[in-house]
Amino acid sequence: MADLKTARHELVMANRILFNEGIVDAFGHVSVRHPDHPDRYIMARARAPELVEDADLIEFQLDGTPLDAAGRVPYLERFIHGAMYEQRPDVMSVCHNHTVSILPFSISKSVRLRPVIHTASVLGGEVPVWDIADEFGSDTNLLVINMEQGRSLARVVGQGRLALMRGHGSVVVAADIPGVVAACMAMDKNARVQFQALQLGEFIPLSAGELRRRPVAASGQPPLPDRAWEALTRRAGFH
Amino acid sequence: MADLKTARHELVMANRILFNEGIVDAFGHVSVRHPDHPDRYIMARARAPELVEDADLIEFQLDGTPLDAAGRVPYLERFIHGAMYEQRPDVMSVCHNHTVSILPFSISKSVRLRPVIHTASVLGGEVPVWDIADEFGSDTNLLVINMEQGRSLARVVGQGRLALMRGHGSVVVAADIPGVVAACMAMDKNARVQFQALQLGEFIPLSAGELRRRPVAASGQPPLPDRAWEALTRRAGFH
Amino acid sequence: MADLKTARHELVMANRILFNEGIVDAFGHVSVRHPDHPDRYIMARARAPELVEDADLIEFQLDGTPLDAAGRVPYLERFIHGAMYEQRPDVMSVCHNHTVSILPFSISKSVRLRPVIHTASVLGGEVPVWDIADEFGSDTNLLVINMEQGRSLARVVGQGRLALMRGHGSVVVAADIPGVVAACMAMDKNARVQFQALQLGEFIPLSAGELRRRPVAASGQPPLPDRAWEALTRRAGFH
Amino acid sequence: MADLKTARHELVMANRILFNEGIVDAFGHVSVRHPDHPDRYIMARARAPELVEDADLIEFQLDGTPLDAAGRVPYLERFIHGAMYEQRPDVMSVCHNHTVSILPFSISKSVRLRPVIHTASVLGGEVPVWDIADEFGSDTNLLVINMEQGRSLARVVGQGRLALMRGHGSVVVAADIPGVVAACMAMDKNARVQFQALQLGEFIPLSAGELRRRPVAASGQPPLPDRAWEALTRRAGFH
């Protein structure tokens, strides 16, 4: 993760890309841990990702307290992000989304989302589902509105890449912003493929060994974010 | 609901947004109750929503009689709107659409559309289906062409948010224009998710308690329309 | 059907609209019977519909002989059109397409496409399937390459609105160009809805009485083509 | 296959077309055999196809050694291409893609992709699946990273048009660039149709005789690439 200016710029681009690629709609959000202050994260004020600009970015303490709100209203569910940064020192970027393709898996009683395509090895394995009702009862509006709920969700993510949120969406984490965008896109594509494969009958998922690998060369830069990131930023209108 | 000028402007924007978001195609319509005259509503002349402009708007009595047609031809099915305003003093905006995702649920003999995602709590519960043939026989063209048919449909909506119309589409109501747009989009997204969840087997719908909640903060403005409305109006080309 | 200039202009627009609306891709074609010479029809030279201009239009005898080819190569499958005009004096426009949504119905051994939504009453009833192998053996490339094959297909259309062509596409006919475009779009939407309804279980199709009706007022102009045609032509870039 | 300048231009266009038509995303690649040197092929450096320009093109030996890399990084999986050119003197163009529609078929234990629509006769018959684990174990990242793996895949393609790669994508070959683009698009459309047809029950696939035919006239130019190629190049922004 480079300097603050780069982090803020990547975050603005990620907002637009995630909308452009159908991962988020008017709702959903993405954040980055402050490159100089690991006890802070940066995220837009409550605005649709497709409209986010640098002037919308707010710095938060991990408990969700805004440090420079200046009248701007934060996302209600920012606690999803703070709790992940709190639990996972390795995580530098978090995305909360309501991607359509994973929602059926979030409410299914019998089928779990699991990696079946090579780019989805980053998902790590069978994807856990966090049901807010398990700890907080069946009378909520499903939103994560405080740190207690955020930490409950973070425990289900554990040391993994993501968790689904029953009837709501998902939270995805990564070591950098391009990585969280790539993971969200892999999650979405995998869900579409797995859903169709289930209609065809039995299928071959990624093996334990394949799950440990990443689709990169044995040595050298991981091609996944670079080649895609250049294309995604261009598609979203950035040079 | 603000003044007449705002209501008319929001109505024009809603027409474009509903088309842009795939809720309506060349057919379908949206109206608003007159902010100053609860015994009137405002809707475009018979024109595809994507083309509606302020000059297309006509004021109607609740029984569908145009007050200022000036040669402009009204929608044949305006009675859907008038009957809802007549039966529901709380309703300030109505949308009739033929959204593809809900049509299979409108003709299914065994499956009812029901809220499974958090934004669809606004749908209230299992969605009723109005079959025109029940009261008007099996020899109609399925269109609601008079107040008698409109009132029959309104009775099935009852105190709820919407009803499906067998083999035809849906009618959706709300307390304001952004609310009716949000409800239509939630209906559409929920239908897509529920359809796929059904392919996976048993699933967890929203609980009774979750249905009563709205995905907003315990206190403060409902984030649903605002954040989305800003994005939706921009996508449709309005500043 | 108006004068020749109007017919040619509508035909050019229909080509662009059918592509814009996903009915045809680089293949597929639409024609119009010559308004002054019922023993001729007009269709583009072999060019993707999205690119067709007035200069591409060729006049044909019903047997497919071009009258003014001037070096332009006609569509190989023009015999689909000529045979329909020959058999059906009431038909003034024909479209041959490979629309994805109807192809599964064209090869299904057990399920027939049938009207389930109100705009699809124009399809008339259960849609017949023409299998070229029935008369011409299992060694063809499925294309209709002469009048004998065109007439075989036309017999299956009979007095109806359309027929599917096994593993290939469909032929759709109407009394004018806006009508053939509307029928193609209704066919496509109906197929999408019926396909999903089948996944849900038993469903309610349009009744015999509903099939006879059109979604228009009891008296007055059919709203279906007008409102849609204005929108469709605009979407395709025409004023 | 014409001269080098034409081949390079067609290759650049193919990159953009394949992205535009949804065959490839930021990953996937297409190459052409050098028209003057059958022991070389030309392909872009590791860049998303939608961005490829002539300056990105590199010439390779069939074993994947770049001849004029000049600091540009090649695709890791170029061995897919070299192995095909090596095994198949008739092949002049190769595409590797991760097209979503075929991925479920690549992991299905019971269902094989097979031609059901007329444009897919070019696929030749039931499409074989290459599973990297068969020869290289269950501990790979599924990528083809050397000639040994490339040749293993090429053996499964054999004398055919394509093979699926389990959990990964496909490799498609043709006698020229427009042909490989057309084959990829036919593969994609066929997969969508076959998938839906399977949901409906039993279906009629192309017969053995129909598989041998191509949807062209008995004599004359194959219409498939020409009419489509003109449209596809225009859609991708080329005159």
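For reference, chains read A, B, C and D in written order, and residue numbers begin at 1 within each chain.
To be clear about the criterion, a contact is a pair of C-beta atoms (placed from the backbone, for glycine too) under 8 Å apart; a residue touches a chain by one contact, two chains touch by 3 or more.
Because the structure is a prediction, the values reported are computed rather than measured.
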Checklist line | Farthest chain (mean CA position) relative to chain B | finding: D
Note to self: If I list every residue number at the interface of chain C and chain D, are over half of them used by both copies, so same, or under half, so different?
What the structure shows: different
Checklist line | Rounded Å distance between chain B and chain C, as computed from the means of their C-alpha atoms | finding: 32
Next item on the list: Could you put a whole-Å number on the gap between the CA centroids of chain A and chain C?
Entry: 46
Next item on the list: Indicate the residues of chain D shared as contacts by at least two other chains.
Entry: 199
Note to self: So in the complex, the part of chain D that touches chain A is made up of which residues?
What the structure shows: 25-27, 46-48, 50-51, 76, 98, 100, 103-105, 107-111, 131, 133, 137-143, 145, 166-168, 195, 198-199
Checklist line | Residue numbers on chain B that touch chain A, as the complex places them | finding: 116-119, 121, 189, 192-193, 196-197, 199-210, 212-218, 223, 227-228, 230-232, 234-235
